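Dumping the structure here so I can ask a few things about it.
Labels for the chains are A, B, C, D and E, by order of writing; each one numbers its residues from 1.
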């Protein structure tokens, strides 16, 4: 039973991921990604990690993906981007990465097969997780908070509107120099 | 106990990982690249959950938690950068960001 | 968590606390000087805390961190480097537009991440420390938002670092899946309990190596290095080159020693290939480079290769002995690299980053002291006597010869030959005649003081290294036992 | 008196130092005083020492002035050795040297480099004296090289004409080839016998080595190499005719009387060794015979008065070599002595002719000088007679001794010597007739300085009666040979040979004689003349075999082919750099790929190793 | 203490010169003269020690010892024997010559110039005295850096190329030496359990033949690059040609000798068996180098390049001499070092003087100088003769002794090397011919030597003749050192 469910969810996850990486429209891709994350969440549940499954759905599929939605909406690129993506995603572009990824997958296959055989499915409930999390992993939690602090401050800094320098002369070399001159008009205010 | 063996779980994780990698390598849109990276992180998280499930330990889930934290922070910073880049270069094309080379 | 453990963690707590203090400071009064001052005080406090923690070592503070002499030594090193970078950052950013106050905060979080790496004995702390460092770096690199190159560098670093982190995580997951341990000691027990090399753990370590190889910018994971160094503000480039790499290396060494991964000899083969490639490739890439920051980036690739040679020697000699060359070389590399980037940062102005070689033409006659300092730094990078770089190279030689790594030593020699060429090129350019427009000394007194201190250290340790050698020896023998 | 031996070479050296340091600031008279005077003092000392030596027991006398080099068992003292042989040489060097110096004081009086000239000349005399007096081979080598230097400097004395410089360098390099051989011989001797002292060497060689074995042969051959180079014998003879580029007194002193005979002296000095190496001694004789014929023929075809004399010198030294080769040591030295007189006389007389003829060297542009320059004519006549060994001149005695000795060893050698005598008579009187008879083409400037005429007269006297001045060399050489003075057929032929040459010369050249023009028409004769003229084409041969290939190699490799090895490395580095930097495209996706690729490779390497 | 002072004085003087240069441009050269004079006076003490050498237990008569890096048994250990003393004397003498030849030539940045010059000398003096291998290496590198600056800042048109080439050649080779040193020390530690870089300790290291061979090769390459011997010589013509005169003087006169010194002091005593087996190869390198460089010299048209190749040629003799390893050959090598130091320095000085006056180094562009500047030409002739090995001058004694010593070891190679006696007149006299003889067309008026130049070159002429006629004084100083070196190698 569980195995059947596993196969179905796996198929969904893989399908959704494939769809996600091939979508021209970023929003479509994002939706497929959420689907993929949800499928993985189901898998977590199947594997007995209930707490993680919940987090996957709430935080990953919920909170983080919302960030993407925000940004995509802010940039609001529309049809122009889709055309652009069309132009970028020629079949030729896929060959190299796919081949490379397949080799890597083959290697992973060998690695995974070489491991000890074992079953999964020990249920680790939220209480156990919490006990360990605030026991031995207390420091990790604290550090994670610092990580989020850094991320927060960083995001704050980076999201600031662009500054127009006073009497500023760019002295950049090569391509970047040309690029920056072409694009030096202050960006659209969003 | 379920009948899902560890190989199956890890293989799925590897497959998702590889798919994410393809996305990162093939897409030129910075947002799509970031999304594909999320897939890779998620795949790694899955692998931890599978492993934790094998040993019946909470450590796997805790690692997943940490990955989650990282993903959040990285997405925050990354999207901030993407915004800045779009303001400056008016494009999200990763390939056009090649001002420095050689 | 008992009180002893808590006290032992004081240096880290101080850093974290200072970061929050800076944040509160910004909220209260946006002032760059204030932010820098708080951060500096925090680092100094943390250093002081290190001193007070030192006698009580080692303390295992939860499975995640071991505060021992080894960790303390490197934390001290990393913090000092951070302090120096903070000083250069102050001069670099003080005349620039924009809100620069967050910079010290991010520097602090990065340092915290690096320090955690130095002390971590568990994959969780390892991972979180690494990411804390990385996340801070993304922002630090792209900090000057008005510079296209900085943004480009930041996004490159972010994406590449993310991908490499994913590989790293996958590796950890594989190790965990097989051994059920995330604690280094536990892994050691697992490795010790099996006679053969476990393929999955081994592959997991390989994936972890790939992830760390990226941070250390070892070939073939090096491609980001020059771009990021070039795009990032000069002091931050120095920070990446030293603190980020140093912390990762420290962790790598601890992982290898405490898990006894040296027993996995195929790993050493992989490392040998990477080391040889890094030494030759790094130097080759730098050969005709005309951008000083890129050149230093390539040279740092090569230096990581040298360091790796000493590291590999741990496979054949007692690994305790290997800590010593690594420690000395890292220290030498820290002093020299920060100094070199410091010079670049002093020369840079808000209008122009001083990274084109043409900018250095005739520097000897325009700003003799600065040029002399830069020359010394370059000579130290090249490993010429009278500088600390030479003693470092000597250590590498001794370690590697002890381990019988003749092939790699040959690579080191060839690499040094190549290296000489491009270091000398800069020196030659600096000593060329140029219309001698005597530019007055800038007001960067802090940078000048720092450079002077670094130069004195460089020469002093180059001529009389005994003092440092004694300290490092005590670190090596007590800490890793 | 004999203790003053050390001062003999010292005075010319002092003269050299004075002239070298202060010569340019001195007017000419004091320069001449110093230059000639220093040799005169030496001459005086030599005469006194010689008198004492000859009147005493004639035991060799050794004077050690100090230590030069001492390393372990290698010890080289600065020591002089006086015996009859070195005394003879000293007389030649200082006596003839003095006369030539005196002559030169007149001859060079209008030259700007007056002081330089005398400085070089004094240096030469000093070195030559060291050469003949040295009691060990290293000191001898010092003198040997020193005279080479003097020769080089004096040949190239008129440095403004590049040809003189090239001639000088040619002389130096060609003799240096011989010198190298000599040095190697010297090293070999020391390795085997552990001393450089000549007398000790001879003694040890005789007691340790069996005659005719490899070692003495090798050593003798190496020493012979040195002698051949210095004495301009085959195959290293071709520098001497070119050396005539120097001022005539130089040719007289260095390239006739003294330096070129150093080879003869060397072989005579080490005759014990040569006696132990019969094959080499035979080669010496053969070289002598071949050289005397070859040089005689070449002298026949020359038109330059000094080149004729130069070839004649080569030829006469060939006689000396032949004498050495047949073991007639003292005859060789005797011929050396008489040759010094008559050849110096001939050169000085030729110098007078050239001097008065406005530096004209071509004999076909001269003529009829016997009336205009009687002294020169007389000198030339006497000299030529002695050169051709006409009876009762000094040359007659010495050459006759040599030919008789040669006959006893090998009639073939004797025949060659006789043929040479015919040729000698021919070319010497060809010269006399062409220069002093016939039509005088232009006026001459007949103002011979007294300083030039006195040496001519004195040398003329010596040439005529020098045959009687014979220092007994019995104390040095074994009296192996008792020249057969019976008036045999051989003797008659020997005496008659030069007359035959004289006769031909009279027929061909006296007052026009039979015109040689018809002969010149024949292709063969003409080609032979050209062949002889070029000194048997030796120079051309050397040009083709050695000089041109050397130049070619040197020029071709001017930029050092080995350097391109390193340039290649540098180029490799550069290309490697350019290749490697192409990987730095700046594209994020490529960078990501490299991480993935690297991981794949790392895993593969890890698994495969 | 004197030994330490010898180094210290020069290095301090270097700083003082630099300092004075900031104050008054002309002062540094006077500082240099004063420092060198003091140094020369200091040398009196060791010479007085030499006189009592017979009563000393070993050939070493001066020590200076301070612990340095105890972790590796590294000591600041200086010692002196007759051999080092002679070379240090040569260094000081040529220091004067270098200062004199730079007197008017260097107009810019005099302070820094004399700083480099004196530092270079200090490093060289250190090399000649260091008896701890690490310290030796330290000084070995130290002398290169100032020389690099001398070439790259004050050199001629291609100075950058030449300076970098010089630096890379010497550095890479010296890294091989460092490797060999480290390996030797590790082997020694394996045997005895203690780290030591001391020369005397390491002399008694038991080595397997294979290890000995490789280690010797490391040292050998470093020293032959510096010497230089074929085929590592190609840095030298460039460096010499481009260096300022003072730099050339030091480079040719002193620095090349450090390579010779190293061969004699370290390679053979440390690895006697390996060196013995390697001797035919080394001697062949020397012999080929002697001939090859002579031919190269003949082909050159650049005066300084020509002189540079003659240096290579002469250094080949040293290689032959050292690897013959007997009394005569070693002493010959010592004399060759000194005599070549003097003659090469003089020739470089002359080349510098000519270049300053004619603005060319092309011999073809000189032509007929004798009639214009006879004094200068005569001195040139003198040193040309010295370099072709004329007996009576120093070079001959060296070459003769080397040949004599080597002849007993390997006759064929020695005979081949002796052929250079034929080749050396070709280049030396060829140079005279093209540059000084012949008609003078171009230069109507040229100043000859001035008083300073006369004094300097006069001194060199004197030393050259003195070495040639009375080498015994020098041989006596170096004899005990050579003797003990030979005993060490024969243990």
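Just so it is clear, a residue touches a chain if its C-beta (ideal position, glycine included) is under 8 Å from a C-beta of that chain, and two chains touch if they have at least 3 such contacts.
Listed by chain with UniProt protein names: A = NADH-quinone oxidoreductase subunit J; B = NADH-quinone oxidoreductase subunit K; C = NADH-quinone oxidoreductase subunit N; D = NADH-quinone oxidoreductase subunit L.
Here the structure is a predicted model, which is why all the values come from computation and not from measurement.
Asks: Starting at chain A, how many touch steps does it take at minimum to reach chain E?
Replies: The fewest steps needed to get from chain A to chain E is 2.
Asks: In contact with chain B and with chain D at once: which chains are those? Just list them.
Replies: In this structure, the chains that contact chain D and also chain B are A, C.
Asks: Name the chain whose C-alpha centroid is most distant from the C-alpha centroid of chain B.
Replies: D
Asks: Select, from C-E and A-C, the pair of chains that is joined by more C-beta pairs in contact.
Replies: Higher C-beta contact count between the two pairs: A-C.
Asks: Roughly how far is chain A from chain B, centre to centre by C-alpha average, rounded to an integer in Å?
Replies: Those two chain centres are 4 Å apart.
Asks: Would you mind pulling out the distance in Å between where the CA atoms of chain A average out and where those of chain D do?
Replies: Chain A and chain D have C-alpha centres separated by 98 Å.
Asks: Centre to centre, by mean C-alpha position, how many angstrom separate chain D and chain E?
Replies: 38
Asks: Averaging only over C-alpha atoms, locate the centres of chain C and chain D and give their separation in whole Å.
Replies: 77
Asks: At least two other chains touched by the same residue of chain A: list those residues.
Replies: 96-97, 100-101, 104, 107, 111-112, 115-116, 137, 140, 144, 147, 150-151, 154, 156-158, 162, 172, 175-176, 179-180, 183
Asks: Would you give the residues of chain E that are in contact with at least 2 other chains, written as numbers and ranges?
Replies: Residues of chain E never touch two or more of the other chains.
Asks: Return the residues of chain B touching two or more other chains; collapse runs of consecutive numbers into ranges.
Replies: Expected reply: 6, 10, 14, 17, 20-21, 24-26, 28, 33-34, 45, 50, 52, 54-55, 57, 59-60, 62, 66, 69-70, 73-74, 77, 81-82, 84, 88-89, 94, 97-102.
Asks: Following the definition at the start, I'd like every touching pair of chains, please.
Replies: Touch list across chains, by label: A-B, A-C, A-D, B-C, B-D, C-D, C-E, D-E.
Asks: Over in the complex, which chain A residues touch chain B? Could you list them?
Replies: Those residues of chain A that touch chain B are 2-3, 6, 10, 13-14, 17-18, 20-21, 26, 29-30, 33, 36-37, 40, 43-44, 46-49, 51-52, 55-56, 59-60, 63-64, 67-68, 70-72, 74-75, 77, 81, 84-85, 88-89, 93-94, 96-98, 100-102, 104-105, 108-109, 112-113, 115-124, 128-129, 131-133, 137, 140, 144, 147-148, 150-152, 154-159, 161-162, 172, 174-177, 179-180, 183, 187-188, 190.
Asks: For chain A, which residues count as touching chain D in their complex?
Replies: It comes out as residues 96-97, 100-101, 103-104, 107, 110-111, 175.
Asks: Would you mind writing out the residues of chain B in touch with chain D in their complex?
Replies: 21, 24-26, 28, 33, 94-95, 97-102
Asks: Which bits of chain C are touching chain B when the two form their complex?
Replies: Per the touch definition, chain C meets chain B at residues 123-124, 127-128, 131, 135, 138-139, 142, 145, 148-149, 151-156, 158-159, 162-163, 165-166, 169-170, 172-174, 176-177, 180, 182, 226-227, 230-231, 289, 294.
Asks: In their shared complex, at which residues does chain C touch chain E?
Replies: Its residues touching chain E are 365, 379, 382, 384-386, 390, 394, 397-398, 401-402, 409, 412-414, 416-417, 420-421, 424-425, 427-428, 431, 464-466, 469-470, 473.
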